[in-house]
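Each of the next two complexes has subunit A plus one other chain: subunit B in the first, subunit C in the second.
Now for the complex of A and B:
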């Protein structure tokens, strides 16, 4: 593909996160020397609070910090981001905390943070000459890719395990792209996607062959939190860990803001949250290991169920460097976390949100997290997509006949 | 209840929409003379574009035009509104139109426009001394009331028919309020709610005894559309019709903006959209009647399935006065409307959104709506809540084994 005309904004090159080898910008994702993951390097110029605040109310206000073209907001896209940062006084009170915020990413166009990463991947993929937006997925990513491609007027090709829940199938198929169910588990689908990427030159698998660009989209969570706090970093942040990329990119965003002088340089602590049924990073953290041993996932928190998280070691680095921790909670605690967030703040989070709230509670209880320091937690998706998780316990108070007598007798008056 | 301390902002009194009788502000909803519906009257002062633009990015930027206290945004609430107004060039192209926008209210906290009306009802109910936020509902309203009460830290009491879909039960029960299923249809539930409202002095049934306040929340859709177009009214707008209140309040909002000099006074045409299986207002419009004959609803568009719409005659007034029309479409056309909006713009709307898109298409085909004039349509809810409607047709392209050979053989490469 011809890259001469590509406008990737402030991005300058790709650098191996392991050996430091540098590459020209292009559709690469692994180091040719050591197979390490490639990361975008930048030359930021002219980014100020004012230039950001003058931008649109979505992730493109940070375009000067992303590998996307200067005019990215002029091409039809789903315009994700700038979701609510909700002051959560009732939840804080119930946990004995002082200042707590929920970054509620269920407000994105397809109701998960995946809209952010997909929007950045799509913008970069166009510049790199790709014609089809593709992914292997188990749910949220499938929704986000199919919607973003429809909005952009290009073809999507989404691959999912054939045993996926009916609701996730409908919510992807409705957008009308190419949608293939694969008889196998997610690992099988993922491997097939890599093989197809090797054959189909103009297919951008967002989380495979354009992953370095895609992953940068998570930085916008960090930028937004800082800006919405009034250009200030929180003292503590709790982030759900699947591949681990969301956590490391939020840390990267905070670091960039400090370096650019857009926020005061101050210490902050980063905490990771996992479900016990898929907690390889928490296990490594607790054991003091530097490597993450893969596990076979078994949890209701399916959007976090990555048994071999690509960024696991980097999560450990960030958490240890900042004085945080990685915690994990049982599925029963996840359900309680969902109900606690809904009941105190009126926010119905996905299972991943339940993991984060439950880990927050556990971290406060254990003393690992300071209840008096300002804390932000991420709700990365919407409870409407994981209804089965709470269905057994989210039940009516009573069933009555349509009469005042029956209502009085119910004791609910 | 003592109303001396009540701050209802610019609201001055309640006026009967039928006979013009005037009442002091309070928890009233029907005229004592003629049983007509009561409407809020105002004295607007000091509302300018600048004062609005200086407000928060939610419906409270219009607090100077609503029956809510001056400091409404300081009390915990779900902060709905200021949802996206999406330029829909692909949808326009497919319909042969020039300038089309989708006001996407699925971006509200519980993913429907009901968050707007509930937030206004809650704010007024607090001022009027109510202690419990209640409603009869079949879905979206139940979600919105339960979430808003949880966020506000007060009790909710929601009543629904016991045959409600499991997903709507879960999405209400998760917030932890009082949640009663009633063995009967929606009319039975509604009647029971009115009876309970007569007994429970401090229960505010948002759509019953505080309905005049509640209904005003829909005005914010009109304000936002005008502001998001750059303080300008569209030439045409298509609005789904259930009770009819959303349509009449958008018209009221446009009229207020003109009167206050916030937008240029220019003609605009208002169109109503119904599902044929519950189209009493469309039937009356087409027959040239001034009264609306109740029907027994039979449509997949359940959030619009009000067989005896309270504001039906007022919808006819608005539509006829502005040169619009009321159209209706079959359930099959509703499903096609949902797919068309998803496939062209990446927006997965509720069945009500499908009704609106399909009616738009029909209105363009018939020549009733001018394809060259700037048009706004409302997507009032989220497709995730009405998956069953599209499940039979939103299917995968193919199912394959996890092998390149199978993928190649699928013909999808």
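Now for the complex of A and C:
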């Protein structure tokens, strides 16, 4: 593929996170020397608070910090981001905390943070000459890829585990495109996607062969949180962990903002949240290990059910460097977490949101997280996509006849 | 001696002359990798670290099984087995 005409903004090269080997920008994702993941290197120029604030109310206000062309907002895309940061006083009170915020990413176009990463992947894939937007997915990414491809007017090819929630099947299929359910778990689908990517030269599997670009989209969560706090960093942040990419990219974003002088340099602590049924990173953290042993997932939090998380070791690095922790909670606690967030703040998060809220509660109880320090948690997706998880317990108070007598008799007045 | 089929990831195809799938011999994964290296000199050092262990960002599948769930380099590779070498990436 010809890259001479590619405009990837401030991106300058790809660097191996493991061995430091450097490569020209292009459609590569793993180091030829050691298989390590490649990370975008940049030369940032002219990015100020004012230049960002003058941008559109979506992630493209941060285009000067992303591997995307300067005119990225002029081509059809889903324009994700700038979701609300909600001051969560009632949830804080119920947990005995002082100052808590929920970054509610269910407000994105397909109702999860995945619209951010897909928008960046789409922009980079166009520049790199790919013709098809593809992915293996646990569901949210499937929605985001299918919608983004439809909006961009290109073909999509999406692969998901066949046991996925019905809501996520429908909310992918509705956009058209090629949509395949695979008899296996996410790790099986991921492996298949890697093999297909090796055969189909013009297919951009967003989270496989254009992963270095894609993953950078999660930085926008970190930028937005800082900007929405009035160009400040929080003291603590709790992030759900699947592959671990989102957590490491939020940390990267905070680091960049400090380095660019856009926020004051201050310590912050990063915490990871997993479901016990798929908690390889939490297990490694608690055992003091530097490597993450893969597991076979078994949890209702399917959007986090990655048993072999590629960025797991880097999550451990970030969490340990910043003085955070990685916690995990049972499926029953996940359901309680969903109901707690909904009942205290009117935000219906998906199972990953329940994981994050329940881990927050556990971290406060254990003393690992300071209840008096300003804290942000991420709600990465919408509860309407995982209705099955709460359907058994989210029930009406009563069923009555359409009569005032029946209402009085119900004792609900 | 059993002959198996090995899928080669894009980043290692410079060693196999562009071939995406090659044959190799060996009763275990370790033997198969050694045999690959005999035919495609240098390829083993890309897959294994200096201590001879699988690099942490390489996933190897024997049949459908991730060898980290089996016996690692000692995993048996009966004749006709399909082996895949894949960079470790994960999305969601």
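Heads up, the rule we're going with is that the second predicted complex is superposed on the first by the 411 of 413 C-alpha atoms of A that agree within 3 Å, B and C clash if a C-alpha of one lies under 4 Å from a C-alpha of the other, contacts with A are read in each partner's own complex, and residues count from 1 in each chain.
Definition applied: a contact is a pair of C-beta atoms (placed from the backbone, for glycine too) under 8 Å apart; a residue touches a chain by one contact, two chains touch by 3 or more.
The model shown is predicted, which means the values in this text are computed figures rather than measured ones.
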Partner chain in contact with A:147 - subunit B first, subunit C second, else both or neither: first
Partner chain in contact with A:322 - subunit B first, subunit C second, else both or neither: neither
Subunit B versus subunit C, judged by how many residues of subunit A each one touches: B
First, second, both or neither for A:162, with subunit B first and subunit C second: first
First (subunit B), second (subunit C), both or neither touched by A:107: first
Partner chain in contact with A:98 - subunit B first, subunit C second, else both or neither: neither
Partner chain(s) touched by A:330 [first = subunit B, second = subunit C, both, neither]: neither
Partner chain(s) touched by A:186 [first = subunit B, second = subunit C, both, neither]: second
Touching partner for A:390 - first (subunit B), second (subunit C), both, neither: first
Partner chain in contact with A:75 - subunit B first, subunit C second, else both or neither: neither
Touching both subunit B and subunit C, residues of subunit A: 188, 191, 195, 199
In the complex with subunit A, residue positions of subunit C that touch it: 7, 9-12, 14, 20, 46-47, 49, 55-59, 61, 64, 66, 68-69, 84, 86-92
For the subunit B and subunit A complex, residues of the former touching the latter: 57, 76, 78-79, 84, 86-87, 89-90, 107, 109-111, 146-153, 157, 162, 166-167, 169-171, 173-176, 178-184, 188-189, 191-192, 195-196, 199-200, 338-339, 342-348, 382-385, 387, 390-391, 394-404, 407, 410, 412-413
Subunit C partner contacts - residues on subunit A that touch it in the complex: 18, 28-37, 114, 135-138, 140-141, 186-188, 190-191, 194-195, 197-199, 206-208, 211, 214, 242-243, 245, 291, 293-294, 296, 303-304, 306, 308-311, 313
